[in-house]
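Okay, so chain A shows up in both of these, paired with chain B first and chain C after.
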Partner chain A sequence: MNRAHKITITKWSILVGAAGCLEIIARAGMIRRSTLTPVSEMFITLWKFFATGEIPVRFLKESSIAGNFFITFGEILLSFSFAVLIGLPIGILLWKFKALARILNPYLVSYYAIPVFALYPLIVGLFGIGILSITFMGWLFAIVAVIINTATGFEEVNKRIYPKVGKSLRLSRSKIFLWIYFPAATPYIFTGLKLGFIYSIIGVIASEFILSTKGLGYLVRFSYSAFETEIMYASMLLIVIIAVLINGALMRMEAWVYGRQGR
Partner chain B sequence: MAVLEVRSLGKVYASHEVNIPSVEALKNINLTVNKGEFISIIGPSGCGKSTLFGVIGGLNECTSGEILIKGEKVRGPHPSIGMVFQEESAFPWLTCSENVEFGLKMMGVDKKERRAKSKEMIELVGLSEFENHYPGELSGGMRQRVAIARTLVMDPEIILMDEPFGALDEQTRVILGEELLRIWERIRATILFITHSISESVMLSDRIHVMSCRPGTFKKTIDVDIPRPRSSSTISTQRFGEITDQIWKELKEETTKAMKIRPSECVWADIHE
Partner chain C sequence: MTIRRRREILIKLGVMAVPILIVLLWQLGSILWGELILPSPLKTFSVLKAGVIESGWLFSDLKDTMIELLFGYLFAVILGLMVGFILGMNRFLREVLEPFVLNVYAIPKVTLFPIFLFIFGLGMESKVAFGFFHGIFPITILTMGAIKDIKTVYVKVGRSLRLNPLQVYKEIVFPSILPSLMTGLRLGFNLSFIGVILGEMAASRSGLGYTLMKSEGAFYMEKVLSIVVVLAVIAIAVNFLYYAIEGKLVRARET
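Take a look at the complex of A and B:
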């Protein structure tokens, strides 16, 4: 068995071991069932969600699994799309206008030090409880990652040589931007998009705990307060699985973007 | 008729600040290049070689004098001029063939024609096996071949090269130099080659202009009468040694002078290029 092999096995055994420990702790009764359910049961409950298409909790406004999933996913996509649509141009403006960048820089670098979730009463006041306020929170959380990475991406383009190549081919300024600067900045821009997407997920799920009556985050909170521990864990598991899958897809895309450039 | 003519060209980097003096980078440069010639310009670092390259290529403006291509006065980048840069300029996000096709694509040449032309050029620079590789997967020498092919594919009558092999190791330089001669003989273009390597200039050129240190001007012109075709064995001939010696004598004085220029001035001129 070679080294890489051993590393792979160790990597996976951490996950399996942790799950196994939780399973044993729960089964042995070291922690009450109402606090922790065995991991195997989490999977079984989750499986039941999908088998029946329903979440078996009383008084739940949206009880179909697909309904909850699409609401949450829709909010994530919406907040992410707006983060990109507004963040990309702002990032480009920051790169084009250095004075603007210098003015906004202190705000941007300290942005993530501020816990935006603490602002939730304000958001409720502005947008009420529902899709709009959640999407806004996801957007608020994601946009600065997109802005900063876009600006950095263009900043890092090799200014000594690429503009000369464009000029020597007699390209217009807009063509130089579109065909040289933009692709040159792509790896950074992509990093911004990846982070932005992850921040959108965090922002949306976390906001659903407090600002929602539907969706996967709300499902966790509702089942928690309804003492439906099994359903709560199954919902948490579902969120984790979705997040891991999305992250895996983004990492693959990133490897493709960077790999092409041999970085 | 001369394809390229440079008449009493000068370039001053004007200073806008009180405590920084203006820098005269080029002064009274005169150059006549005939069709099919291989001309080298050699000089100490910081003598304005790259400035001259930029001005002839139309990337920078000159402050006096004029440039004529086929008898016509030009300003800005001219379609009959192709440029190859010292820095790595192959785009890392495009494959070899996409890099070579880039200029044609921007001109709106259709895909089929682009493919055919780029294939031919890639073959000419000896990268056929690597058509679909990204520059990141190639060596420095190969990447510079991509840059050369990208310029050649535009079918320029005059090719300006600014120390194209400057960033490469000695062996690769010699090999690429030979390759360049082979390519030049095939395409029959006119090449204006900027270098600080004496042996490279003697090996490649019909004529060598030695530049003085700042303000850069042509101090001496040397005809290289070594018969073609030349190869790496040319280096060991007596005539090669004589010409090399002659250039070195001219350069030595300038290089010593150049070393005494305050580095701050050089940096300053760099920024403005």
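Take a look at the complex of A and C:
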């Protein structure tokens, strides 16, 4: 058995072992069912969500699983798209105008220190409870990561020899940008996009959890308040699985983007 | 005056102008939306002043939030450093546990908050635990990375100079991990702060996050905005402190 196998096996045994412990604790009645459902039942409930297409909780406004799914992902994609559409040009602007970058830099680096979610009640006051407010929060959380990484990415290209090659070949400025700066900065920009997407997910689901009427984050909140523990754990599991899958895919893509450049 | 110095002064002025610009935009927004939805800076500050001087509503909330933050962050620092050290030293453990750490870092942790409520109840304990849960990950990840990246050559040089293990730690290991450690501690603080505030906003009986949500429900927007201002000031002040310490450490290393 080689090292990689050993690591994979240990990883999975930890995961399965932890799930097994929880299962036994719940089945043996050491913790009440209203507090902890067995892990196997979480998966079964989650399976039922998809098999029937419905979330069996009374008084839930949006009870179809597809509906909640599309609302949450619509908000995530919308907030991420706007973060990219506005963040990328601002990042490029900061790279082009050094003075502007130096003026804004102290604020950009301390941006994530401020608990941005504290603004959510204010945003709800401005835009009301709903898709607009939640998308705005996702956008607010994601955009600065895109800006910072874009600006750093282009700045890093300056330190290399590529732009000089472009100049010596007498390429026009737009061609240098398009053919040299942009491809060379891609890995950094991708890191910004990866962070931006993860932050969009966190911003949207957290806002849904705190105050909303629909979506996956709200589903957890609602089933918690309604003492529907089984539904709550199944929804949590769903969110965790989605987040881990997306994170894994993004990390793999990032490794590919960086690896491609190394060649 | 040279052009360069003039430029430096202009940039300094620009940095100072940003907060003024934000306040101006805030004022403009309050005119556009109306004072009821977005109170003006002046009105907000008068409520804030009342909270500090007259009625003192701010302090009881602030006290609870700060206690939660302090304990949550303290536990995150202690355990984060310990776990980070262990994972940094042991390659097998690191490769096994790193994916867990990185993935939990990326999931929207707030959805797990009900579990904290089940275990710790509605009181301050659940916020301490939630602040800890947010803060420990950056501290662990950065400590782990720093220990992993120590150049073995340095440690070997230390050994060949016949330093004892304690001296190797003091003279070689500690100085080389210090910058990452400081970054980890700063990010850990930021996330602990977010965790505590999110926890308070989601479900609690006291604290700034709780009053924030309560004021929104009562449409008392002046109070909402004053709490946002207080939170931002605390966050920025602590981060500037950390940056100052980081800067000092870097300078001390260079001389």
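The definition used in the following text is that the second predicted complex is superposed on the first by the 259 of 263 C-alpha atoms of A that agree within 3 Å, B and C clash if a C-alpha of one lies under 4 Å from a C-alpha of the other, contacts with A are read in each partner's own complex, and residues count from 1 in each chain.
FYI, a contact is a pair of C-beta atoms (placed from the backbone, for glycine too) under 8 Å apart; a residue touches a chain by one contact, two chains touch by 3 or more.
Just so you know, these numbers come straight off a predicted model, no measurement behind them.
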Query raised in the report: Mind checking chain B and chain C on superposed chain A, clash or fit?
Result: fit
Query raised in the report: Of the two partner chains, chain B (first) and chain C (second), which one does A:179 touch, if any: first, second, both, or neither?
Result: first
Query raised in the report: Which holds for A:148: it touches chain B only (first), chain C only (second), both, or neither?
Result: neither
Report summary line: Note, angle between chain B and chain C viewed from the Cα centre of chain A, nearest 10 degrees, works out at 90
Query raised in the report: When the two structures are overlaid on chain A, which partner does A:42 contact: first (chain B), second (chain C), both, or neither?
Result: neither
Query raised in the report: Is A:134 contacted by the first partner chain B, the second partner chain C, both or neither?
Result: neither
Requested in this report: Have a look and say if chain B or chain C is in touch with more residues of chain A.
Outcome: C
Query raised in the report: Between chain B (first) and chain C (second), which does A:165 come into contact with in this model arrangement: first, second, both, or neither?
Result: first
Requested in this report: Considering only the touch criterion stated at the top, classify A:92 as touching first (chain B), second (chain C), both, or neither.
Outcome: neither
Query - Smallest separation of CA atoms, chain C relative to chain B, angstrom - result: 8
**Report entry** Touching residues on chain A, where the partner in the complex is chain C
**Finding:** 6-7, 10-11, 14, 35-36, 99-100, 102-104, 106-107, 110, 112-122, 124-126, 198, 201-202, 205-206, 209-211, 216-217, 220-221, 224, 232, 235-236, 239-240, 243-244, 247-248, 251
Report task. Please name which positions on chain C make contact with chain A in the complex. Result -> 7, 10-11, 14-15, 17-18, 33, 37-38, 92, 95-96, 99-100, 102-103, 106-115, 117-118, 186, 190, 193-194, 197-198, 201-202, 209, 212-213, 215-216, 219, 221, 224-225, 227-228, 231-232, 235-236, 238-240
**Report entry** In the complex with chain B, residue positions of chain A that touch it
**Finding:** 158, 160-162, 164-165, 167-171, 175, 179-180, 183-184, 186, 260-263
Query raised in the report: Any idea which chain B residues touch chain A in the complex?
Result: 54, 57-59, 76-77, 79, 81-83, 85, 87-89, 91-94, 102-103, 106, 134-137, 154
